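Order as written gives the chain letters A, B, C, D, E and F; numbering starts at 1 within each chain.
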Amino acid sequence: PEVYDQELYENNKYAGVVTGLAWTPVGGDILFIESSLSKGKGKLTLSGQLGDVMKESAVTALSYLKSNAEHLKIDHRLFNEYDLHVHVPAGAVPKDGPSAGITMLTSLASIYTQRKVKDKLAMTGEITLRGKVLPVGGIKEKILAAGRAGIKEIIMCSKNKKDLKDIEPDYIKNIKFHFVDTVDEVIKIALLKTKVEDPMIFSFDKNPNSKTQI
Amino acid sequence: PEVYDQELYENNKYAGVVTGLAWTPVGGDILFIESSLSKGKGKLTLSGQLGDVMKESAVTALSYLKSNAEHLKIDHRLFNEYDLHVHVPAGAVPKDGPSAGITMLTSLASIYTQRKVKDKLAMTGEITLRGKVLPVGGIKEKILAAGRAGIKEIIMCSKNKKDLKDIEPDYIKNIKFHFVDTVDEVIKIALLKTKVEDPMIFSFDKNPNSKTQI
Amino acid sequence: PEVYDQELYENNKYAGVVTGLAWTPVGGDILFIESSLSKGKGKLTLSGQLGDVMKESAVTALSYLKSNAEHLKIDHRLFNEYDLHVHVPAGAVPKDGPSAGITMLTSLASIYTQRKVKDKLAMTGEITLRGKVLPVGGIKEKILAAGRAGIKEIIMCSKNKKDLKDIEPDYIKNIKFHFVDTVDEVIKIALLKTKVEDPMIFSFDKNPNSKTQI
Amino acid sequence: PEVYDQELYENNKYAGVVTGLAWTPVGGDILFIESSLSKGKGKLTLSGQLGDVMKESAVTALSYLKSNAEHLKIDHRLFNEYDLHVHVPAGAVPKDGPSAGITMLTSLASIYTQRKVKDKLAMTGEITLRGKVLPVGGIKEKILAAGRAGIKEIIMCSKNKKDLKDIEPDYIKNIKFHFVDTVDEVIKIALLKTKVEDPMIFSFDKNPNSKTQI
Amino acid sequence: PEVYDQELYENNKYAGVVTGLAWTPVGGDILFIESSLSKGKGKLTLSGQLGDVMKESAVTALSYLKSNAEHLKIDHRLFNEYDLHVHVPAGAVPKDGPSAGITMLTSLASIYTQRKVKDKLAMTGEITLRGKVLPVGGIKEKILAAGRAGIKEIIMCSKNKKDLKDIEPDYIKNIKFHFVDTVDEVIKIALLKTKVEDPMIFSFDKNPNSKTQI
Amino acid sequence: PEVYDQELYENNKYAGVVTGLAWTPVGGDILFIESSLSKGKGKLTLSGQLGDVMKESAVTALSYLKSNAEHLKIDHRLFNEYDLHVHVPAGAVPKDGPSAGITMLTSLASIYTQRKVKDKLAMTGEITLRGKVLPVGGIKEKILAAGRAGIKEIIMCSKNKKDLKDIEPDYIKNIKFHFVDTVDEVIKIALLKTKVEDPMIFSFDKNPNSKTQI
């Protein structure tokens, strides 16, 4: 009895909320990846009826961030002293596939840095653990859905550029495309330098045992 | 051999007990979300034969509260030093779907703040991790059931407003509707400023390691 | 090749042993809920081939007791420093359903307080987390079985009172019925003020960290 | 390609090795319950392709011993500082059912006390958590197998006494039967006062936190 | 697309590598049990697509060693401060059954003592927790495979002696058979007094809490 | 809707990225094993829809490295104080089999030592826990794929040498083959003495309890 309507792009008010593009048997759609942090012990929770491949995508995105935390100016203690929850509405709709990889990565990067996500931006692309971006399917349907939803910029893998020639130019004339090969490029495009309004202030345990020596 | 009768609205005597609306193959019904806290280590227990989507709903509600604890004046130590149990009677009836999201959120907010829930109020709506309220199905059947059960006010997503035009005006003339878009609005409507009678008094561990620095 | 005979009521010698009523495809029967405590870390073990609903019933009963420990004069350290085992013989017979709820609750209340259970008493009824008692099915068969087994008093939900009119008055003239709406009433009827003979003496860890502040 | 021969009674040299009686589709057989302890943290390991009912039987036996440790003169620290392994050869033969309950209980009581098991003794019977012994099936086949295996004494539930009348008196004239109702009686019959030769010497952690107060 | 050739006996260079005998639908074969230790917390890892019975065999072998560590001159701290991995190549071939019991036991005894395994020796037999060796099936095929692989000595249960009369004397005239009843005998035959070349040097935590009192 | 193109060899810029060879129903292909480390507690994460055999392969590779850490100049604290993630793109393609064993081993050896992997090198072969390399199937298809992908050197088991005679000499004249029997040989060929550019700098906890005595 549940009914779901077509999503529209909303805004970039919250840290950790990033717009992705999904392929479904009845056409493309946009989806939102939401992340939240709360004081804890580094637990990861995934929800939104995610399939195994999509869960692995989230875990891979998190490992990438942990390995590259210094470069991204993320305090490493965040990974141990805060719990991370990633949710993908709508909660009853099963979702799977690797193509939300860069969207998840961007969501995590935003929540851990509290940096704002670029306005009216969507993205689709698989990530690998070393930070490569891989091409994904369903590009045509995804772009049409992005247009309908009010998206103005799209990030995807450079290897997906060829899929644009199947689309009527009129449909995409108002969308700016970013073709990337690495996660670094994604973050550079997607995350603004400014923090979200009213950013979360992180606090850490005083723990004499956690000092490190080399 | 078990038999279940139609529920009636009861009262708002207990913290953590909130009335939801359910769609079933034989018509709408009301249900109660019950929450309890006991000294522990932050464990979450869910019971009442809840399906995966409904369990994820509860977990998402809890994450939302943890992330927004300060705003809701919830002492964050509660999440680590008390165990939370959420139960949905009747215990033998399988339940699923995302539409109990705001009901669960309200139940948790009430048990953690010990604030009283508004009298003769019911609600239905999915929540997302960032605090959005999403529309759900089965509105007509749910509203009729609410009326039969003695409910006087209903909270639902503003996107469900359109579903009211399918209902005979007579059936709903005595019910006040609240159409919302965010969890914040739900809590503002559903939770009274006053605490329940004989509220639980929380106590916390003296733990020198748990002090924080920024 | 296992054979099971009809149970008879035994006695109220042991803390934590309470008589319940079961419905089976071949008629009603009585069953015993047995609980035991041993020094440990608060682990819960359930045995006797219990189904999911019945396991949730036990967990709900335990949460209720934890939340209401003070009221029932149970030292809260018992929940952390003793392991609880709940067993329902016969071990090879699968059992399920919510109707053992109040029997389990009474068994736990008895073992944690070491109070004696009333003599020749049986009970059937679902519990909820807030302490409501809900009606259950199979009342006629259960009462006939109770009579055959030598039971003299039965506790059930007030909403099950109507099921008595299906029973020949002769069968129940020697049984006293208690119709209840809350767990509090159940405990008041079922548990005697006196402790069992040779009650368990509880001991607790000296743990300087477990002191509390408000 | 594995082949199993009929077991014969062996001897009572080892602590924790007790002879049980099993019913199989091709007749009765004897089996051995073996238990061992090793320095650890109280972990329980069960092996020998045991089914769920039989595993619950072992767990129930262990809980009984823990609850009644003082009475049986078992140092309670053994349950926390030693790991227990219960194995039932032959390893590839699936086994299930509650009838090994008293055999397992006796095996555990022997290993924790290092007391010798009575010579040429076998047993069959379900246990409950409070220490009751319940009747089991397959008595005729089990007794015939015990006779063939060289068993001279058998312990079983008093309610199984009636099953003896189905057996030709000649088959059982050399076997002494013990009919019991409680676990206490079983232990009194089955365990000798003397320890096994070369008994295990238990050692315990010095742990200042484990002292108790009442 | 994977291909596996017939194994040949290799050498006894490594601690923890022991040659077993397997029955397969296409004839007998030899297999190697490999064990390794690394600084850790006593975790056990099993790999090589082992079935449940074979996993229980490994766990039983480990429990036997833990219980009899003193007798075998194994420092008990090894079980808590080192992780054990047991692998049975080839990694893609499913294996099951109890007949690798004594091979696993010997592998563990070798890795924990760093003693060399006897040259050109293979074995087959089930173990029990108290250290009995039980007969196994497929003896004829196993012995033929051992001969083809260059094995010169075989350990098996004394109850398997009868299976040799089915084999042409010519096939086994160059193989020396050891018929045993206990694990003790297996170790006495299989493990040399000398350590392997370049044995692992074990180191242990200084942990003031781990001292023991009796 | 996902599409995957034929991979090409990329470069040896990153520690932990090693090129393997895969057999698929539609021909050979190359794949990349990626490993990453991040401050943690020694947790292992595997992703890329790996089957059971392939997961056991990764665990076996890790155990081998832990057992032989000193020899490979890997600080043993890395295994306890860093989490390891092994990912095999593409994320949605199920993969299984033991033939990635040496590729995984090399990936782990590279990430733990931060040593560079040899340029334009690919490999295929099963590993065992003691460090043997075993032959694998699909050699012809794998080599053709390696050629197409720009690979110049291939490591495989010496027992796979015979499979080369099925391949047209022209296809393999530009590829150098290394036939090995042990993991030691693989590492010697695959890992350069030099570290990757901008290697990860490891830091360790000051933990007074972790000092060791012999």
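As a working rule, a residue touches a chain if its C-beta (ideal position, glycine included) is under 8 Å from a C-beta of that chain, and two chains touch if they have at least 3 such contacts.
Being a predicted model, the structure only gives us computed values, none of them experimental.
Shared contact partners of chain D and chain F, listed by label: E. The two copies, chain C and chain D, are related by a rotation of 60°, based on C-alpha atoms and rounded to the nearest 5.
Although chain D and chain E share one sequence, what matters here is the overlap of their interface residues, and that overlap falls short of half of the numbers used. Taking the mean of the C-alpha atoms as each chain's centre, chain B and chain C sit 29 Å apart. Centroids of chain C and chain E (each the mean of its C-alpha atoms) stand 50 Å apart. If each chain is drawn as a node and touching chains are joined, the picture is one closed loop, every chain linked to exactly two others. Read around the assembly ring beginning with chain B and moving next to chain C, the chains appear as B, C, D, E, F, A.
If you check the complex, the residues on chain F that touch chain A are 1-5, 14, 16-17, 32, 34-40, 45, 47-49, 83, 85-87, 89-92, 200-207.
Touching chain C in their complex are the following residues of chain D: 23, 52-53, 56-57, 59-60, 63-64, 66-67, 69, 76, 79-80, 97-99, 101, 126, 128-130, 132, 134-138, 141, 159, 209-214.
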